[in-house]
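My structure is below; once you've seen it, I'll send some questions.
The chains carry the letters A, B and C, assigned in the order they are written, with residues numbered from 1 in each.
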């Protein structure tokens, strides 16, 4: 058992063994989701708080359901209706939530480092559900889980991540997880959004999509957050689609067994062609299912659960 | 046992026997709501998602509580804070929710046919909580339940529905349920909102309120959605009240045992006089109580529950 | 056992014995919050509805979690998305919620007397979670609980409440609770906000902060609701801080064992210096923890629970 951590703050600080422990534990919890009664009493009588200072329905629901299936009590705290609007600091909000005997605080925040900040003074466990452009560790873990489940391994695989890398916490967490587990990561997208500096993280950087996808085992397409893109750094949507979108012509140039991934929600016809998203090489919906299992595993482990063998015991 | 359906999409496609099965099952669940411990484990470990793309606090709460009393795990998904705002399609949203191993997806949507659309591709059960001006099947079932409970039968009763029929999913579902069960339905309201074409659904249509209510056993008053009415088709509120509102003078012309129903929320002094709403012939609050029992029955049945005798077994 | 009430509407009508019963019951529930499994089945199968017609994340969460830890089913009903916007009256909303077999309705409302109004016609229990500028009884009970726990008693203690007394339901409920339990209450703040008329409630009134805090055992600082203050009655924020804010110089003039309280959320640097809020004499976060225990006690008692000895039995 290689998990001793109280928090899950990022992928960067995890060892490969710790990542594997999460994946193994998630495998055990995935089986729970396939039972007639999708529930275990592992966190009965524990309090989990979803502190979402940046809106996110999908990730919030995935964590909420993960906590419910562990039989925890769950509270949703959305900053839009909260004291944060009255000028309370994040520190005070978190300490107030902890004073309710919270066991685990899941935080989504627009500021990079917010979860680390909370972990410095809270006794409760802190789980990062996405912090600014920094990290989104459970997304990377569910992506790694999906790849391992589909391909039987991660080491040695060629994984291409396509899109806005510079501002993507999904990309950053994926790069950490995949390189730690021995995959070869290629990053691709417009030069303004995929700077050469990422080579220092152990990735190959290219701005030619054909080159990026030709020999990939996995193609992970990031969502184009066109509602947030800075105009000075981003081509038009149409230009992006034409230069980097995954369409049938490009798909034909990939290896037949290459998997198509996407963290969702997808923009059909922008970064991905609609038929490809629904095609048999797409594992997009399996990523969603696996996300729930991974989040159950994370909540279980940060609460002191004993790895995959611990799941069998609950 | 005459329920084999995986979904509840509308009343139109149900047989009379199926409707009766829901009513009988609801009767068993109504007793649960009167116990000290208002809960049965029928859906323990099942996941129910309230997908409300059109706001509705009452119906959402009724379904949420129904699911809780069946010991299901419930997630509320409101489109206002969701990915739908980011341009995701309804289909993608629903498939993502299903990928969380959802067993039942309850959908309220402004577009007629949205539940049928989901049912075509989802493995999860779909329950229609109101789709545009099309149907609102659980409302019709709770209305039928209330009539049957109060009058001992439905066949042969004269039921008058008063108000904006043309744009009312409540009216449409009620017409289907009541005519299938043998009631005689009269529709009444302004000519622009109660066209003669409804006679093809087996109803009597009249624009004279006195005629409509004189021999009715049941008078069901629809809410005047004055915030939505199209000005070209609707008289002023005051004119509506004066021409069609149920006031003491009109009540005096009805049969003494005629029941007053309303799907709520009521507009006191508009479609209904305040004293009549609170009077002894009003069953408006019982409709709310019965709605919870009917929704428990629907969730139970679409999940494979075995009719009223199945409730005793849980 | 001195609790026979079905509702908790205010502190004004409680006897000292009833207040003590709540505090004793809360002590038993506080121990539940320190267990590994923070949950008792006292309200299993009961339905608790949070009817918040005025927004309040903290109080809502505290009640929601209290109900969850008692194993009740909880529904949140926020008026912002509710039928109240469609013009439904509060009475109709409450009766509709009750028709769902609700056992307890917790209400927060901007109108003084709203909970009393509901209690007149509802069969469900009503708990006041704050009504206008009138009362906030659970806040006063958690404040009294905290004082008693820290000081071993309340009778004879000198308690100073500092801030906007005139518009504060927290102040009003605290004055009732503390004077009933034998404390000596001093009120202090700007003359426009702390009129002499409060002397009729048995308090000392002063507008000199030094005088108010010099011999106090407890200093309770109210939040300056600067977003709501009427300009004609309130000095500028800077002026308030300089005249009434608790800073190190003023703290030095207090008794060394005086406790600092605040109902939260705090405005650091306005009514309280940041270091004092975090200092060892501050019990602000313990108030939050105690609030949960007090709310569990209130829900338990209004539902017919048998005082502190009853908690041991569940």
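Here is the rule we go by: a residue touches a chain if its C-beta (ideal position, glycine included) is under 8 Å from a C-beta of that chain, and two chains touch if they have at least 3 such contacts.
Predicted model, so just to flag it, every value in this text is computed and none were measured.
In this structure chain A contacts its sequence twin chain C using mostly different residue numbers, the overlap staying below half.
Chain C is reached from chain B by a rotation of 120°, derived from superposing Cα atoms (nearest 5).
Annotation: 40 Å between the Cα-based centres of chain A and chain C. Annotation for chain B: no residues touch two or more other chains. Residues 33-39, 55, 57-58, 61-62, 64-65, 68-69, 78, 227, 264-268, 285-286, 288-289, 292 of chain C are the ones that touch chain A when the two sit in their complex. Contact residues of chain B toward chain A in the complex are 44-47, 73, 75, 77, 81-83, 86-89, 92-93, 95-101.
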